[in-house]
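Dumping the structure here so I can ask a few things about it.
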Amino acid sequence: MLGEYIKSGDFKGEKHVPVIEAPDTVKKNEWFEVEVSVGKEIPHPNLVEHHIAWIELYAMPEGAPYILRIGRYEFSPTLEEPVIKAKIKLEKNSKLIALSYCNIHGLWEGSKDVKVEE
Amino acid sequence: MLGEYIKSGDFKGEKHVPVIEAPDTVKKNEWFEVEVSVGKEIPHPNLVEHHIAWIELYAMPEGAPYILRIGRYEFSPTLEEPVIKAKIKLEKNSKLIALSYCNIHGLWEGSKDVKVEE
Amino acid sequence: MLGEYIKSGDFKGEKHVPVIEAPDTVKKNEWFEVEVSVGKEIPHPNLVEHHIAWIELYAMPEGAPYILRIGRYEFSPTLEEPVIKAKIKLEKNSKLIALSYCNIHGLWEGSKDVKVEE
Amino acid sequence: MLGEYIKSGDFKGEKHVPVIEAPDTVKKNEWFEVEVSVGKEIPHPNLVEHHIAWIELYAMPEGAPYILRIGRYEFSPTLEEPVIKAKIKLEKNSKLIALSYCNIHGLWEGSKDVKVEE
């Protein structure tokens, strides 16, 4: 259901796709910084009538049965850009997934695989 | 991506599935009440260690290119049950979709089709 | 600080003031329904340019050192009205406090005292 | 009401107080980075049973009638630390105010004045 309506694409050509910037490899259970943003290459409008309202960050650990919600970042149009740096940690190799919402163009997702070393 | 990790099922046998209760048919652009809940048939634990953290409500209008986010309801464990009555309206036949999150068992979805009459 | 900038008033004359409807007396630790709304007497605009974005519900138990956050309800303009029915419980006599945010007119609060019986 | 229950103090001695790090002076309507965190000097527990659930960032512009909500950052315990870097802009000299919530110790606030130059 919901998955059918979440769009994605190449963020270099499609301004709605959230981009996750994180190291390719991190240490198990050590805090690291991750940047999550929309409009990395092509800025998205930041207007009351048309804006990115929020980004939610998830991690899907390899082989795990359930997805983890890491954080949620809500932006107020014109006052804040949809880009955030957060401090997170992982226990296993994981796919980080960002879900973002444009008040006009709906849900979009982007992802980044992160390897976890002991 | 994210869609692959959202689980669903029959709420009568699986306590995590969000349930949407709304009229089968509503009037175009007229406010109506919708109840969204988790644990309708089999209660879900409501403990700090294990609880439903939030439910997000979406509408996918028939033939529309983008999904709409209607509302988001965050619950604090032990203080509130994951059930909410909201007042919404629709312009077209729509699929209402609820997405909920258990801090242990991840993302779950449920839906309800609502017909819209002039 | 923040408290200086939260406005209040009589909801019958001021459309921004959140209204809490709950029983005057409830049973200790038994679930009850509470309605929280903005615009009870005088409707507030529900437009992308001017709307109630969210309401947060708190409880301050008598004699307790810390306030409890019960729930948070986010509304998308034009799709949902800022009114919600929630299911909560209390352990002690408490002051329920609702905090709401208008994207133009800032923060507003309203409260309701609820007695708790064994 | 709510203002009476929001605590504050010196973040060097009280681990709950949110800290805002931003330039003392910024250019009018130019984006700048702000860091908002809890536990800057003395780390706060980050456990399911005891954690910082969210931080909300506000700006009160000098002489303005209403406060502005800039952003809201929600953290999931054990997966994310309560520290965020955001990208915001201001139009006038403003008091930035951060409000944070500990699931055990309630609401806390911290602030930082930022001067705005043409």
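Labels for the chains are A, B, C and D, by order of writing; each one numbers its residues from 1.
Keep in mind that, in the parts below, a residue touches a chain if its C-beta (ideal position, glycine included) is under 8 Å from a C-beta of that chain, and two chains touch if they have at least 3 such contacts.
Remember, predicted model here, so these are calculated numbers, not experimental data.
Repeated interface, listed pairs B-C, B-D or A-B, reference A-D: B-C, with more than half of the contact pairs matching by residue number. If you average the Cα atoms of subunit B and of subunit C, the two centres end up 22 Å apart. As a whole-number value, the distance joining the C-alpha centres of subunit A and subunit C reads 31 Å.
Remark: subunit C and subunit D have CA centroids separated by 22 Å (rounded to whole angstrom).
Multi-chain contact residues of subunit B, defined as those touching 2 or more other chains: 68-69, 76. Taken chain by chain, the contacts link every pair, so each chain touches all the others.
Touching subunit B in their complex are the following residues of subunit A: 1-6, 8, 53, 58, 60, 65-69, 95, 97, 99, 101-102, 104-107, 109, 111. Residue ranges of subunit A in contact with subunit D, taken from their complex: 31, 59, 68-76, 79-81, 83-89. On the subunit D side of its complex with subunit B, the touching residues are 48-49, 76, 103.
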